[in-house]
Amino acid sequence: MKVEGKQAIWKEYQKDIAGDKYFYVRSCVRQNFFPGSETTFLRIMREELGKDIYEHPCHTTCTGIGYHGDVVPLDTMMTVVARQFALMTEAGYQNLVPSCITSFGIYTEVLDTWHHFPEVEAKVREYLRKATGREFKIPQNLAHASDLIYKFRKEIAQNAKFKLVDKETGKPLKVVDHIGCHYSKMFPEKGVGGAEYPYVLAGMIEDWGGEVIDYPERRHCCGFGFRQYLVQANRGYSVACSHKKFESMEPYKPDMILTNCPGCPMFLDKWQYAIAEMEGKTYGKDGYGIPVLTYEELAGMVLGYDPWDLGLQVHQVSCEPLLDRIGIKYDPLKKYNDKNGVSLGVPEKPSVMKVS
Amino acid sequence: MKKKRVIVIGGGISGMEAATHLASMGYDVTLLEKDKELGGHLLGWEKLFPTMRMGKDVVEFLNKGITLSKVNVIRKAEIVNAVKTGEIFTVTLANGNKFESDAVIMATGYDLFDARKKEEYGYGIYDNVITSADLEEKFLSGKPILTSKGNVPKKIALVHCVGSRDEKVGNVYCSKVCCVTAVKQSIELKESIPGVDVYCLYMDLRMFGMHFETLYKEAQEKHAVNFIRGRLSEACENQDSSIIVKVEDTLAGKPLRMTVDMLVLMVGMVPSAGTVKVGKMLGLKFGPNGFLKSMDQHTMGTITNIPGVFIAGTCAAPRPINNVFVDARAAAITASSYLEGYDIEKRISYS
Amino acid sequence: MSQLYNKLLEDVRFQEGIKACINCGTCTAICAAAEFYNYDPRIIADTVQSRNEEKIENLLKSETIWYCGECMSCKTRCPRGNAPGLIIMALRALSQELGYFVESEKGRQQLFMKRVVGGWILTYGYCLYLEGIGTNMYAEQGPIWDWRQKNWGKVLDRLGANYKGEGNGILRKIPEEALDEIRKIFEVTGGTARFEKIEKFSKEKAEAMNLKFDDGIDNEYFQHIYSHNNNTHNIE
């Protein structure tokens, strides 16, 4: 494989990412499954980088899962999106930063639709007026939260306490990057690096000392599929997708999987557990799973944040083997404590996959 | 009376053949070629479809024409300006030399589609993804066909329509020659690598030329080349540098994953950089696909919007060699009748 | 000209999703659904471009249109700039509009999507809400989720959330006036009408299937559509 070939493609997809003053919209999946990631993101943006990142208490879901689950009509989704734009406009911001990839895809799709069908935009403005009396301006800049971490990856590297390097061997860790489908598959020019060789996570991995692993099923979906995961009768679709990816990446012996979509890390984490239970198979070293991290967790990790502040304790696949390889200190006794240091008990152990 | 002068721009098949005929008709012909050698893309082609005759035979035929008809050939000619003033054309080269003429033949040809633009096929990234032109170079070298690691390939897939019939790369047209080239190269691979399995991944097999269908049949019957109707969606690299291809076998209606040792991309034709550059200098019109535009598709082929400028060969559209010969001779005739005062535009009665 | 085709054309996603298909299979080759189900997005495109009323009606009543996961991988690649995923979204919208969705096992699951995801959106302002997710219905969430479930508030608190709190933050209580705006948007834009149609047609279907039906998620029909799989959907 020739990396120069990829570098040439990366140069073609340089995305304009605003430098400051962001209006932040949260992710439903992130908040429920990886709350520590959003906390960490804001901590990095505000405390490490000194950026103005604003959150409005009245913002809501974009309806993305309902929209892609086909129960929320297009007009409804667009008007809810327009309402988020209105809150941003009213707050005096122009740069929209969604935490969610499905939201990012939806905002991109809406702006593209309005560009091609101005009459649709006019109709949505009318809907919003009628429903809420609000007006809005279209965002000047739309970037996913991972685009921001990508943009400031070198600053993060400068302040990093740890590198993605095996402390014993001195060799870079092997990292699989998994990009959410709706990040750039629909609109390749809107993603850092395009659709085929996205650079948004690869750039972080490289600048933080790791080595990016390319494997045959790299582009395959994690298997959320909206209705395909949520409805039990369809769930085989979801696990089949994740399974395909694990089998494909296994020969490369990755040290971790890095993701930028809220749902993917949950599926890639939980399906490893389920596959172990169903088939007895594990994909990490010595019976463990492959740790799956969000980019916020990884950024916080290299910056030296306490792993239990990042929320690594809510992963089903244990991250301790990864922390140990890098040489990150943590207190195992505090893993399952509450804010005040009181133990919340210890989760049961899976029957097959090893956990720390 | 002073001989009328013609400048032919481009020393590939069409330029050489048009120059030969114009010179043999008695015109003072200057042929400008950017490279150090005449022959254009043909120099990179070992054997030609559908007869498998050697490409160099055709180059020799063309060169003999140039020599016998005494065409004035200027090699390494980099054009920096080309204008028409009154009835006279002036072409200026980078070295300061100027040439004047009464007519110009545009024979500026095509460029191969840059396969790196089909990012998902991994050309320039994956070691065992090559183009049809790269394969031809290997044939020409006479060396055995080997994978990047020096092994004899057991399975090879050829991908049709790379950079052709594809809105995603901006080329909606068919490049015409790739289908039959794939058939030709499949046979050559079969002949040069004993026991190799060869797969052609195609959307439609456009065997339009005389004997093309025969060649296709030969590939199936005699060489057992596999034809799978499906466009390649993506190629991925395995750890051992072999390539996974993902296509749908549309006749079976099933997605198909297959590992091959080598993937050959049948790259199409795009208007050459020289066609675009010189065409703009002369004020020529371009068609929707970026090739030079003739005044009418049916009746005015070779004739452009600038009186005195004629187009020959693949600067106007993708064409196989036999059509390029015919086209070059047609351009010579239309140029000659123009120079003799014949005004074909008088015949136009349609709007 | 097919009436149904004209109805589809009213959806901008359909206009964006299909121009003219050449049946090359680029979409199917990388379709996540095609690798799992008896599903071929190429044939979806080819069927709708036939503009044949009967074929489109059959499609709207079929299992087929519910197999797609809307990952949109097809949109990246189509050499004609089509996107079967967008065609699917238009077909699913029309299938629900006309009540055809209850004719298929997979289509009937829309009641689940409406009541669960739709319910979360209108009740909490979130597309997902942890209190509705338990390992009883989502076993793969594993023992770690059981542990979280025992300690919802405390784990969220530990990770900097503002669970059910006022103001900003993770899983905050979204103010009632904001939720009212969302509900009003649903009314004005056809969201509520879609929900009502899903309920109406599902209720009728439940009666026809002789399954008990009520407003909750524990009734016979709801449990049936959530978990029933006739096992004819997959590739061998």
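Miscellaneous remarks
Per-chain numbering from 1; labels A, B and C assigned in written order.
Throughout what follows, a contact is a pair of C-beta atoms (placed from the backbone, for glycine too) under 8 Å apart; a residue touches a chain by one contact, two chains touch by 3 or more.
Treat the numbers as computed from the prediction; the structure is a model and nothing was measured.
Greatest Cα centroid separation from subunit A: this falls to B. Two chain pairs are in question, A-C and A-B; the one with more C-beta pairs in contact is A-C. Averaged C-alpha coordinates give centres for subunit B and subunit C that are 49 Å from one another.
Between subunit A and subunit C, the centres computed from C-alpha atoms are 22 Å apart. Measuring from the averaged C-alpha position of subunit A to that of subunit B gives a distance of 46 Å. Shared contact sites, meaning residues of subunit C that touch two or more other chains, fall at 30, 35, 76. Multi-chain contact residues, meaning those touching two or more other chains, occur in subunit B at positions 120, 234. Each of residues 195-196, 219 in subunit A touches at least two other chains.
The part of subunit A that touches subunit C in the complex is made up of residues 26, 28-29, 31-32, 35-36, 38-39, 55-66, 68-76, 78-80, 83, 105, 113, 116-117, 120, 127-128, 130-132, 181-182, 185-186, 188, 195-196, 219-221, 223-228, 230-237, 239-241, 244, 270-271, 273-274, 308-309, 311, 314-316, 336-339, 344-350.
Interface residues of subunit B, counted against subunit A in their complex, comprise 116, 119-120, 122-127, 234, 236-239, 241, 244. Contact residues of subunit A toward subunit B in the complex are 1-2, 4-6, 8-9, 194-197, 214-219, 251-252.
Contact residues on subunit C toward subunit B in their complex (touch as defined above): 22-31, 34-35, 40, 42-43, 76-81, 235. Those residues of subunit B that touch subunit C in the complex are listed here as 120, 161, 165-168, 203, 229-234, 246-250, 253-256.
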